[in-house]
Amino acid sequence: MIQYASIILIMLGLYGLLTNRNVIKIIISLNVFEIGLNLFIISVGYVDGGLAPILTGNSTSVLSFVDPLPHALVLTSIVIGVGTTALGLAFAKKIYAKYGTYEIDEMGVE
Amino acid sequence: MKKVLSLLVVLALGFGIINSLNQNSSFPKFGEADVSDRVSDRYINKNVTEENEEVIFGEDGYETGSSNFVTSIVANYRSFDTLGEVTVLFISAFGVALLFSKDSKRVSLNFKPNFMLRVGSRALFGLIIMTGIYISVHGHLTPGGGFPGGTMIASSILLLYLSNDSFRTKIKGFKLLEGFMGSLYVLIGVAGIYVTGYFLENFLDTGVVGDLFSAGIIPIVYVIIGLKVGSEIASIIDNFLTEEVS
Amino acid sequence: MFSIELVVLSTLLAGVLAYIVSIKLPKLGSYLTILASLAVFSVLAYFGFNNNLDAEVNLIPQFVLFKTSMFGLYFAIIVSFIFFMVSFFNPYFIKDYKYPAAYNLFYLMALAGTIGVFFASNFITLFIFFEIVVWTSMFLIPLGKKRKPTVTYFVFSTVGSFAMLYAVMFTFSITGSFDLAAISVLSGKSALLVYILLAVAGFAKLGAYPFYVWLPKVLGKSPDPVSAVFSGGIEKLGAFIAFMAILRISPASIYLEAVGMYLQNYVIAIFGAITIVVGTLQAIRQDDAKKLLAYSSASNGGYILVAIAMSSSISLTGAMYHILAHALASTAAFLAIAVVHYRTKTTKISELGGMIHHMPLTYMVYLMAIISMAGIPPMGGFISKWLIFQAVINKQMIIVAVATFFGSIGSFLYVFRPLAALFLGQKLPKYKGVKEAPFLMMIPLIILTLGSFYIGVIPNQVIDFSNKVIAEFGFGPLLMNEFGIQGANGTLSAPIIASVFGLGVVVIAIIFFILPKSRKVGLMDTYTSGEFIYTEELLHYSADFYAPFERLYPAKPLISKVYAMIKEKVNELGRFFKYWFFTNKPEVTVLWIVLILTLLVWGDIL
Amino acid sequence: MNPVLLIAIPLLFAFLSIMNKKFARPLLLVALLLDVYLVFTISKGLYSIGGFSQYGINLLVDQYSLIGLMVVNVVFFLTVVTNCKEVKRLSTVLLVALAGVNGLLLTNDLFNLFVFLEIVGISAYLITSGNKRPLATFNYLVQGTVGSGLYLLGLILLYSMTGTLNMALILPTIVDKAIPLSNLALPFMLMFIGLGVEAKLLPFNSWVKGVLQNANALTSVLIAGVFATTIALTFGRLLSTVFVLGSISNIVLVILAVTMLAGEVAAFASKRIREVLLFSAIAQSGLIILLFANGLVIPAIMLIIANIVSKYILFTITGKMVDGTKTDEIESLQGVFSKNKLVGFAFTVASLSVIGLPLFFGFIVKLNILTSLFSQYQLFLSALILVVSLIEGTYFVKLLIKLWYSVGEVKTFKVDALVKVVTLIFALGLIVFGVYTKPLTDSLMTVPEEMMEAIAERGNF
């Protein structure tokens, strides 16, 4: 049940979000969450004994391939993840510039 | 205490989800996904618009002509998603620039590139950028495509970047490239409307499955994506690296 | 023929016109309100009495439907008359308002709204106009000095109107109709629910217990004409709703043999009785003349409720009569106080005294008004109270009877306070130059007093009308002849009583004028045994007028503590939510997500 | 006209705008004008992207999306026009946001919806970054990312069960394959929560306060008006044509009811005008989603329209007021309208409409909501709505009276003629619709039918 490892990864990400009060660590947790998610998406398309979804040599599409759609979705999801992470880091930098710390607890009440 | 509680709750949720997925009769077990039942079956057989039972490598006349099914989905069947995805990256890159240009001034890199970096990067630059372009161009034939390719292009530029401070000041063209490529992508899409009636329609000849010059607009789109992603990632890096909190 | 729709629309239009005019010339705008309300009143009275009102709706889109009924007409004429009378005061008060143009607009809009309510044919129409009255009259309140009563008024009114809305919608969901008659179809528990909700609506608007706390706040703090309009006019909407609720719905419930009525009606009567007692007790304690009248308004609302709850021919006639008599008397009283306020800038009884020397006419008006309110002949209030007492005794409701008599005697106490301390009493030096009411103000004062007197002496026309009204609810007419009204335990001959009373007045007047005059003393000529007085105000006649009562019970109604508590609880809940949900912590959201999902995935097992 | 231009034009302009900063703002205005023009010229139908019929991505233009597009584009345009100064360097972001908003309203594909959700989300983060409160925006970003992640998880579960991403095909496939409702509870709940974060539903909305309580007119109108409306409409489409709530409807209803109650109660307890408005916005969005969840599409759309118009007025004026007076404490804003009567009039009309008093559009909406709820015999919900709107009315009246009547000195603020004109027109619109609603209700009549049409056709052409 390798598929459920990705669920555990998602849960790890959530755990990190629940317990961490450090901006950078929160972003890392978010990334763990996203990676778990992406793995899960790919796992959904897996077919036992399926080929990578690329036609090669004289093969035809009659052969059994794994589902290519989740791969395409994951590609999008990864890129979006990159975008949000970059933005999150930028905000982290802004936060550091404003408060001089990455620890949310040390920033005082806003 | 908080951590233990969080752990318990998260564990409970994790096992709950696994449990409910396990009991879920409609959710296929790992490895037992029935592709023929899904929309992807059409993508594999390339018979969304035309009737054909199977796709044979080396023949022509299929609706997308890309031997990489994932690419055919990314750059053709669901190209609109990709446009959106590029937009997300674009707006993130723009956002990073926007956030950093506000209240702190630009300063140069705070380290001096040493000999190894300078020479090594020059040697590697060509190789990496070649690989990046190759991957972008062959996106419809081999694994990879515009996004990995673009990232490689960006990493080659990053090398130059680190090794040469004067290079950094010259690359104002990134923005132009990025904007231009983005516009081109949209314009290709719009051209589709006027050529065949559908936005982002694959209006070029799809060619022989497996050839470099095949699959209609897919390679073109992927090259555009590659360049765009490359310039965007590079500009994000640019913003992060040169930004000193003042 | 004249259509109701036209009346409502043209009143609204007149309001807009008055608004536009008053942007530059507020005084002219307020004269417009007089003309407009006169027009409304005369149209309603003329065409209404001739049965010539047209209920057709052509211009107002959507749900609005009108119908003519004697019931609605009765109310509409009274309320439009009150609006008309009060409007004479507008030109004098308009300059004190912060937004005079808005006053004129909302005054006429509120009038249009009330007319709409009384002629509504379905509940949606009723509710629309009811809410229009609520918010337009709401904006009249803060134009004076105080802002807070506005919110109080809004809350209590909205509780009422939402209760009504719920009842309306509930009826709709069962019967599929918004028609006013639809509530009679209901039965069982749903009928009881609608009955309670509509009763709450009526209670809230009428200011009955436990909703009476808005009356003193709003009537006491609003601009004077607004107080008069509220007391005489807008409050009567509550009676209108209560009438419909109590008489049109018949939920199955326990029949009380002892008093010969249904339990729910008895409960309403008890609430009416409580209102009478509480209102009276509070009124006795008030130092502010307007607040005093406000509590008296509440207690009079109690009489109306008691009368409606007993639902017999005589009691309903009493209720109808009381609505008219109280509208006339309390408007007159409020307007008289308004004159005093206008001239002296205060309504505190303890700060006033001897006003009879400055404004004898106003004094007379006030005197007649309180005579009517206390139920003394020869004024209208006497007849209505007599009818209600008759009904109460007839039904043998001990508790309610005690309450009504208590209220009647109590009202002597409280109406006497401003009379004695404010108008009579010693003249205060600082009000030396105070003059009688201006001419325009005198008109409504005199008309109202004469009207009150007229219905007290010759009740036949009013009873004729109210017989037609109660016939619409399926009650037989109250018997009467040229000389008297046939009650359960006797006959009341108003003209004879009036003439006997008049004779008494003449005799006393003769004695008063023949006997030698008493010596006139100085303004603050109080004395004490040989001591020199530094604080002569404290020994003034009107200071601490009812000190013994004030020691007996607190000035603030107990129920207002409950309302304050509810408000505080809502606030606390808000802070609770703000603290637990709207903190700036991402993990709170994540925690909730995790918890809800956990609940979902384990929900089947747990 | 092909509706994809509504998305393509702003995107194209966004890409062009970064080449030269000078042209960014003109490009934004041109794109907005073009979009507003396009919205009124596109015709209904299902538009394929790339020509792959129901197997590819489609854009669906029916009465529902058409109304949404009109409202959102017009308000977006007016917001930008009336806050031209604040736009500054955000032009590119706003262009992308415009594309995202139109995409959300048009798309008929679950994954495409996710992409647009991210586009709108990221632009929202950037728009709110102008508040100089990076922590609040970061908080928003974290929650938004988790939310869209959960949406993605739900979506992929749904895909693995049904094998399709086309919104018009999900429901028919569920029926065809006879997937039991209990199996669908998890994916739908995940998607519901994911969207709930963006739609400001209660336990998932701790970002709202930080983001909106210091927002200027542009930010608050965009976030609380334009974006909220878009998300609500998207949510509404999912709830009415894709989701089968079934076994989770109880949880969902509790969440929505609590959102409504908590929003109003928190607004009641707030002392600052922007907080009052933002909590009220939360409660309203709870109500909107609640209506959709109960299948009451027409009242929900009416409420959305009433909301965006009144929110525009309230937030714009509040933004300008706070800008001018440098405070948002209600106590220190007392009597501000006595010097700005026209603006005060618009504000008053908008609040009265939100409260739901007759002669204003909000009243018609409230009446519609209650009639439909009662025709479903939802006694408890309608009682809750009444209680909640009593609380709402109370604090709005309190607010209005304070803003009109002063006790001490009165602060003043300046408002452009343009803002005055636009808010006034909107206010008059609320009155006109409050008196004469027939054209609107007529055009809404066909909405539920048309929404189901695409499903009945199975996304075919």
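Should a chain be cited, it is by its letter among A, B, C and D, assigned in written order, with residues numbered from 1 in that chain.
Please note the rule applied: a residue touches a chain if its C-beta (ideal position, glycine included) is under 8 Å from a C-beta of that chain, and two chains touch if they have at least 3 such contacts.
Just so it is clear, the model here is predicted, and its values are computed rather than measured.
Closest to the middle of the protein, by Cα centroid, lies chain D. Comparing the chain pairs B-D and A-C, the larger number of C-beta pairs in contact belongs to B-D.
Remark: chain B and chain D have CA centroids separated by 31 Å (rounded to whole angstrom).
For the pair chain A and chain C, the distance between mean C-alpha positions equals 68 Å. Averaged C-alpha coordinates give centres for chain C and chain D that are 44 Å from one another. Mean C-alpha positions place chain B and chain C at a centre distance of 74 Å.
Residue numbers of chain A whose C-beta contacts span two or more other chains: 10, 14, 17-19, 26, 44, 69, 73, 76, 80, 83-84, 87, 91, 94, 104, 110. Looking at chain C, one finds that residues 584-586, 590-591, 593-594, 597, 600-601 touch two or more other chains. Residue positions of chain D touching 2 or more other chains, listed in rising order: 111, 115, 118, 122, 125-126, 129, 135-136, 138, 142, 146, 157, 159-160, 165, 186, 210.
A complete topology is adopted by the chain contact network, contact being made between every pair of chains. Contact residues of chain B toward chain A in the complex are 2-3, 6-7, 9-11, 13-14, 17-18, 21, 28, 30-33, 35, 38-40, 43-46, 53-58, 67-70, 72-74, 78, 81-82, 84-86, 88-89, 91-93, 95-96, 99-100, 103-104, 141-143, 145, 147, 209-210, 229, 233, 236, 239-240, 243, 245.
Residues 17, 20-21, 24-28, 33-34, 37-40, 42-43, 48-49, 76-81, 83-85, 87-88, 90-92, 94-95, 98-99, 175-176, 178-183, 185-187, 189-190, 192-193, 196-202 of chain B touch chain D in their complex. Those residues of chain A that touch chain C in the shared complex are 14, 17-21, 26, 104, 110.
Residues of chain D touching chain B in their complex: 2, 4-5, 8, 11-12, 14-19, 47-53, 55-57, 89-90, 92-93, 96, 99-100, 103, 111-112, 115-116, 118-119, 122-123, 125-126, 129, 157, 159-161, 163-166, 177, 179-180, 183-184, 186.
Partner chain B is touched in their complex by these residues of chain C: 591, 594-595, 597-598, 600-602.
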